[in-house]
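Next up: some structures, all given as structure tokens.
Two complexes, one shared chain (subunit A), two partners (subunit B, subunit C).
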Partner chain A sequence: MKQDVYAPLDRDFTGDVQMVFKRTLDKLTEEKGILGCLLVDCEGLVVSESLGSGRKDPEEVAALAGMLTNFLEHWFGEMDGSPFDQCVLSTDSSSMAIRKVGCLYLVVFLKGSGLSGYMANIVTISEAVATIAMMLQRTCG
Partner chain B sequence: MLGGRVLDVDLLLEEREVHEVHDILLREAVRLARELEGEDFDVGKFEAQVDNSREYYPNPKFCKLPPTFCSANCPIEECVRIKMLSEIEILRQIISDYRRRIFQKVTSAPEGPPHPQRKIKKLELEDLVRKEGVIALTVKYPDGWRDMGKVKLSTVSSELTALLDEHLKNVGIGEFRAALLHLSVGTYIICKGKFLLGVLAAPFVREGLLFLWAKEAAS
Partner chain C sequence: MYDEVHEILYELDRSKGVLGSLVVSEDGMLIASDLKVDMDEEVVAALGATIVRRFREALSRIGGDPFIEGFIEASGGNLLFSQAGPNVLIVLTERGINIGFARLKIEEARRKIEEVLK
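And then the complex of A and B:
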């Protein structure tokens, strides 16, 4: 697996993989400008989440992320055979970024519409991606 | 990465000598600084700032000379390498910050002060395809989708916007407005506005600029 250029957000890799994922997502959600995040697999199932209470339904978000990434993987594959890497979706009130990490997808909800919210947090998000990638590598090889 | 591809420094360091990587990053930082601050940007001053912000200069492990004797021509190879790596890290952070600022500038300034990139406002939609770096464009006119350029994007634009229109609201993040997607062949943007618009551009086209084109074309 290709390593991200960023250092991991969480350098504490103690505990099982679920615990590290949860801790990383919680840290990411603490960032100013980030509303919440979750990790989903390619089938649209929740692996770990930090969305806060009563904000969004993790199952619905995961299902959307799964559907969208399947669509993009398929389309990108048809275009030039390259895998899907990342995307940012902007709405009239907020935005949502999806980053591929190995076999998983990190979904991040950001404050404000447009793409500037993502750009303002790109380093922290990349650090979270690096942590998850490292943990996946340790676990799955 | 968004806001211009983030240079994969680790990969560069695997493939090239440290001084080459350093030069690549320095050139990129200067290019971005010029874009942000105009052609009057003082390169010499910038290089001096980077030089002064090095943390391990000189490295006492390899060199006992006082800092004033320290130079890039130092014969102690390992010492120079460490200095270079330190500077590479500083440049990486500077580039990341510049990209963020450029992106905010071009995507958030509604009418704003005149910016060189805003000249493209006058471009007609079809001109986007003729513009260097834009591979294809698809537009939804009242009578349907129309592809301009060599790549057919109307199907994917149509399917993707339908998917996002239908599902984003359900998730509770509001009504779909724009999407920016990354492919290895380039960046694909959909903007929902006056025209529903899809743009595919080569990887070297900066996303901030591309997003501005799309936003202005769609408004």
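And then the complex of A and C:
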């Protein structure tokens, strides 16, 4: 039976937040079609990452994601005040998805042409987002 | 030629949840548009072109292939982008629509636009 890695955290959980983030990202990266992921703060700094060795530079990806999300937050705020929730950029072989999770951003790299890789993994990504959001709520209130 | 593009956009906008669409050149010039919502099409065109430029820069910085399509979800609705030759097709939709279905319609429109503007 497949282990439910994204199951809600125990109510009395007192473990390390970083450990939960890392575990969630590692499990997400193990999913078929997902190349790696990382959690970034609004200043473009790495909170936790699971990009694998020899792949993209986490610091550079985080800085890039921070820049892109600041730009989008600014534009959407100017346009109609609606906060930006997520964006996906695709090439013909892979995609980069950025999902807002509280005060953080989850950046996920996916295989597949166009948005198809993202579409195939929406549920898995949403489950990871829910786990991270729950942990943030528990620690930040 | 531009009437043909407008006709394609008009057809696309009849899809459920689609609020409007535009075709914009790489430098943000509006080629054709059909918006069902009260928004300044020149502003949406400029914003769309700027976002796509940022997307391209981001992909090139992480060593990716060229941008072909993108999607932004905000609480007010979605913006979908599709590269149509040197131009970009931008589609505004309601939040919560079926993105998979919208993509099929957008892909069909994109192919036709690319053919017309070739």
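Here, the second predicted complex is superposed on the first by the 126 of 141 C-alpha atoms of A that agree within 3 Å, B and C clash if a C-alpha of one lies under 4 Å from a C-alpha of the other, contacts with A are read in each partner's own complex, and residues count from 1 in each chain.
The rule we apply is simple: contacts are C-beta pairs under 8 Å (C-beta built on N, C-alpha and C of every residue); 3 or more make two chains touch, one makes a residue touch a chain.
This is a predicted model, so every value here is computed, not measured.
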item	value
Fit or clash between subunit C and subunit B when superposed on subunit A	clash
Touched subunit A residues, subunit B compared with subunit C	B
Partner chain in contact with A:115 - subunit B first, subunit C second, else both or neither	both
Partner chain in contact with A:64 - subunit B first, subunit C second, else both or neither	both
Which of subunit B and subunit C A:75 touches, first, second, both or neither	both
First, second, both or neither for A:123, with subunit B first and subunit C second	first
Partner chain in contact with A:91 - subunit B first, subunit C second, else both or neither	both
Shared subunit A contacts, counted only where both subunit B and subunit C touch the same residue	56, 60-61, 64, 67-68, 71-72, 75-76, 79-80, 82, 84-94, 96, 113-115, 118-119
For the subunit A and subunit C complex, residues of the former touching the latter	56, 60-61, 64, 67-68, 71-72, 75-76, 79-80, 82-94, 96, 113-115, 118-119
Subunit A contact footprint on subunit C (complex, rising order)	47, 50-51, 54-55, 58-59, 61-77, 99-100, 103
Touching residues (chain side subunit B, partner subunit A) in the complex	1-3, 6-10, 92, 96, 99-100, 103-104, 107-108, 151, 156, 159-160, 163-164, 167-168, 170-185, 207, 211
Contact footprint of subunit B on subunit A as seen in their complex	3, 5, 55-57, 60-61, 64, 67-68, 71-72, 75-76, 79-80, 82, 84-96, 109, 113-116, 118-120, 122-123, 126
